[in-house]
Amino acid sequence: MSASSPAVPDPADAALRGPSARERRARVWQMVQLAPIMAVLVLLFGGALVLAVLQSLGFAPWFGVNTFPDFGYFGALWGSSTFWVSLGLTLYYATVSTAIALVFGVLLALALVKIFPGKTFYKYLYKLPLMIPYTVGIALAVLMLSNGGMLSRLAAFAGLIDDPAQFPQILKTHYGWGIIAVYVWKQTPFITLAVYAVLLGIGRETEEAAAILGANRRTIFFRVTLPQILPGVVSSTLICFAFNVGAFEAPFILGGGFPDTLPVVAWRYFNDADYTLQLQGMATVVSIGLVAGVILFGYLAAYRRFERRMGRN
Amino acid sequence: MNRSAAFASLIALAAASAVQAEDADSAAFRDAFLSGEADWAAVEARAQEEGTVNLYYWGGSDLLNVWMDRVVAPALSEKGVALNPVRITGTKDAVDLVLAEKNAGKGVGEGSVDMIWLNGENFATLKRQDALLGSFAPLLPNAANLEWNPDDERSLLNLRDFGVETGGAEVPWSGEQYVCAYNADRVAAEDVPATFADLRAYLEANPGKFTYVKPPHYLGNTFVQQAIYAHNPDGTGAEPFQQSVDQIEAGELARLIAPGLDYLRELEPLLLDAAGGTPRYPEDNAALDGLFLNGEVDFNCKFGLYAVATGLSTGTYPEAAQQFVFPEGTMIKNKNYLAIPANAPNPAAALVLADWMTSVEAQASKLQMTGMPSGIDSWMLDAAGAQAIADASPGLVGVTQDALDANAAPDTNATLVDVIEATWLEYIERDSTDPIEAIVARAYKNLSK
Amino acid sequence: MATKSDTSLSSRLSPFQRFYLIVIAGFILGPFIPLLIQSFAFRWAWPDLLPGTWWLEQRGKSMMPLAWDYVLSPYSRVWEATVNTVAIGLIVTVICLAICLPAARVLAREKFRGKSAFEFFLSLPLIVPEAAIGIALLMMFIRLGLAGSYVGIIVAHLIPTIPYMVRMLTAVYQGLGRDFEEQAMILGASRWQVLRLVTLPMLLPGVVAGALFTFLVSTNIFLLTFFLGQGQIVTLPTLLFSKIAGGTLDASAAGITLIVTLPGIILLIISERFIKEEAFGKGFGN
């Protein structure tokens, strides 16, 4: 709508005043168009980030704390071994579930480009988890995977166990299979969508050409198909991984308790009776951002280098 | 790139916090009421002007949610006040909100919370931070339903909340007692434990068939306190734990709680799923109920005087559930309360709500519909009122009221609860190798910060 | 060799793929069967494969609404949460579109200094975990009086939705080219006419895809709503979270889970009808 703003100069009018005036106007117009998005992201997102960093460095006059800049909160956090265990768990859940979802998603996308009966149904079906909140996935995991859940009951029905305690514990352990199951359930469709859309877009000509030249299936996949879907794979896994690192609800409900993942640790700090721990919580939250940033940046840089080596840019 | 923006947002923050607001009208009303100058008709008239009351309460019980909407809201609208029941996942969320608003400079009449359902640490926090409206409870018309005479020992739970003086800044709403239930289909009557030693013996024979809610949830804290009372090395039970942290030395407290915590540490390998490596503690009462229903545990210990009758009527308890006396002599009994924050936006409406909540009518319907025990004192009521409360009771299953009364014990002082909770987290959950004395000393230091 | 390449390019499923599709269907849909059963149960204890007592058997005996009676009653707040979720989603989508359209136009067509840095900044909210900004936002909002308000929630939802929207719209603009607009302008159309008669109709499929995706993201947000809603604003994800936070699922929780699933199914049908897969895909390439 803002494109219709009355401040816009008539192009003919601008042309009369010579190129420099026109350029300047174009520049202003450009800024006007970018201003709303800048305002939202810089003020809210940037503001929140800066505030989080300031607080983690001891700036919280509203709690009567102002020791800025104070690296003690980070020191205390990074100095404790449980932080590193929590970090390890956070990264473990995020990595394993992203990897599994990637494999599932690519396999599904490759199957979906085929022609088969019921394909329309599948095109609806696979997107279902994408459309519904994580909390639904968590509810389903509780129902299926807990020791009193459906799988355990089926095992009892089959005579394999006669007490819920004998069913292998899936939820509430540090192996985190419950958390991983929820992430995979929810994110496989996301990756499938990203890959499938690219597959549809590129058509099959190059694959056919490769086949005519005698390449086998494996070679076609790794030499022809994969490079084409790679950008979609990289960006969708980036988003999934980042989400998994920062997600709170699944590890909170399905996690194994202490030591928790970092977002849950931060939440517990914020809920502690001791209000000064909120700054410790901020340091935790900033650490999550830092770790996620470093890893994702590294991943992106590695991908760019790979692209360059492949001769693209 | 965004340094200037950050600066701008900081200025905005500073500007917002610089405005120390206080609604003069609300302040005048508060002072008039607390000094006894405003009569109740004036309160009711003002409540109608305010029009709404924002009640923040733990919204995890379907039954209570229905009762709020079905009974409380219509009763209040008859008085010209609209109830806004805000369901929160943890009471501390409301306490945090009150304090955050207070710290942001929002004074009397400027906040967003009119009333909170709470007790224990949450009340103690608000009191310590001077975030309560004042001594309103004894001034309510229905205060006559409560025992306020300090010479009568039955007034204890109206005057002290987890050992902290209420000072009339909160009004009792429900009474509760920590009662355990067992599943008679799984446990023979003669195996039902009566003491902590019995419990351990039972678990040695049936490993994994028990767990308790994880502290810092109040249900878990209470179980830990009972274990500490029962293992008090002086044999004085709950008595020394009525003192606050200012009255009891860290070393002395450590000495008193060590046997109980050692018992709990030794119990850990016998708890649910401990065989698989780590014992599992449920996060809340709903999770514990689920474990109990599925037969994953044989006992269900929580605040639940009428939990079995209520659980049977909602299908959340197994059909053979029975209550029993455990642990003998240290079954913690307490009350929970309604408090009005200092910055309540609708103080008069909050007073009207508090008064209605302490009426016989409200207490009887709450008891009948939700199974939450009455918070008012039956001996203060007339015969009809006392009978109405008695008739509303869903009933005990397998125990008698006399047995429960005979084994009742008081809560731990709220300031000690924080220390004990921190010690449990360190010593039991995190398997700290430090001696209890060191952990308690550290907790004392953290809390005094 | 020839036969091998034949199978590789077969447009039919391999046996493994056929098996895989069945497994995926079970994985995605399977859990909904016990969910449906649980929502009609009164007491359903291990190891029963079906409830020992059904809700309908107890319905007359209980004075309190159970299972679906509770879920569908106003007491459950399901309706309020649905209205909130949809209304917040719609408003967020409209605002997001208004903010992102002009920006996407510039990003797709013009070059300026610091453009790649700007683009990187735009995608940062996808990378920075929500937990990292949610709490700091809460501090800001409490001070600004926005905590627990619709305005606060809507503004906060813009943060994770903008990156998707701007990416998808930029891709659309890039595909569009500017010749059409220029031609229309040469033919004497005003800027407004160009926008209304040329640009918008051509943008429409991409805009619809972006809007649907934004709506989807907004309706799925939990953490920001949970932190900033302060319990005062209930949406479907936060309502469900408070029911299952302890890690159990009773009949009313199962019913609420099903209700929370419904808008997603409706959205799924709408999006399948109106937009092509490729339109979604554009947001993710590079």
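Read from first to last, the chains carry the letters A, B and C; within each, the first residue is number 1.
We adopt the following convention: a residue touches a chain if its C-beta (ideal position, glycine included) is under 8 Å from a C-beta of that chain, and two chains touch if they have at least 3 such contacts.
For each chain, UniProt lists the protein as follows: B = ABC transporter substrate-binding protein.
Since this is a predicted model, take the numbers as computed values, not measurements.
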| item | value |
| --- | --- |
| Pair with more cross-chain C-beta pairs in contact, given A-C and B-C | A-C |
| Most widely separated chain from chain C, with each centre as the mean of CA atoms | B |
| For chain A paired with chain B, centre-to-centre distance based on mean C-alpha positions, whole Å | 38 |
| Centre distance in Å when chain A and chain C are each reduced to the mean of their C-alpha atoms | 14 |
| Euclidean distance of C-alpha centroids - chain B vs chain C, Å | 38 |
| Residues within chain C bordering two or more other chains | 45-46, 121, 139-140, 241, 245-249 |
| Set of chain B residues in contact with two or more other chains | 1, 9, 13, 17, 100, 104, 283, 290, 293-296 |
| Residue list for chain A, restricted to those that touch at least two other chains | 47, 51, 62, 148, 164, 172, 253 |
| Chain A-touching residues of chain C, taken from the complex the two chains share | 1, 4-5, 7-13, 17-18, 20-21, 24-25, 27-32, 34-35, 38, 45-49, 98-103, 105-106, 110, 112, 118, 121-122, 124-133, 135-137, 139-140, 155-156, 158-159, 162, 166, 185, 191-192, 195, 216, 219-220, 222-223, 236-237, 240-241, 244-249, 253-254, 257, 260-261, 263-265, 267-269, 271-272, 277-282, 284-286 |
| Partner chain B, residues of chain C touching it in the complex | 41-46, 53, 58, 62-66, 70, 73-77, 117, 121, 139-140, 142-145, 147-148, 230-232, 234, 241-242, 245-252 |
| Of chain B, residues touching chain A in the complex | 1-2, 5-6, 8-10, 13, 17, 90, 92, 99-100, 103-104, 121, 125, 208, 214, 216, 272-273, 275-278, 280-281, 283, 290-291, 293-296, 418, 421, 425, 429-430, 446-447, 449 |
| Of chain A, residues touching chain C in the complex | 1-4, 8, 11, 27, 30, 32-34, 36-37, 40-41, 44-45, 47-49, 51-52, 55, 62, 104, 107-108, 110-111, 114-116, 122-136, 138-144, 146, 148, 150, 152-154, 156-157, 164, 171-172, 185, 188, 193-194, 196-198, 200-201, 204, 207-208, 211-212, 214-217, 220, 231-232, 235-236, 238-239, 242-243, 245-249, 252-254, 262-263, 266-267, 270, 281-282, 285-286, 288-289, 292-293, 296 |
| List of chain B residues in touch with chain C within their complex | 1, 9, 12-13, 16-17, 56, 59-60, 62-63, 65-66, 69-70, 86-89, 93-94, 97, 100-101, 104, 112, 282-287, 289-290, 293-296, 313-316, 318-319, 369 |
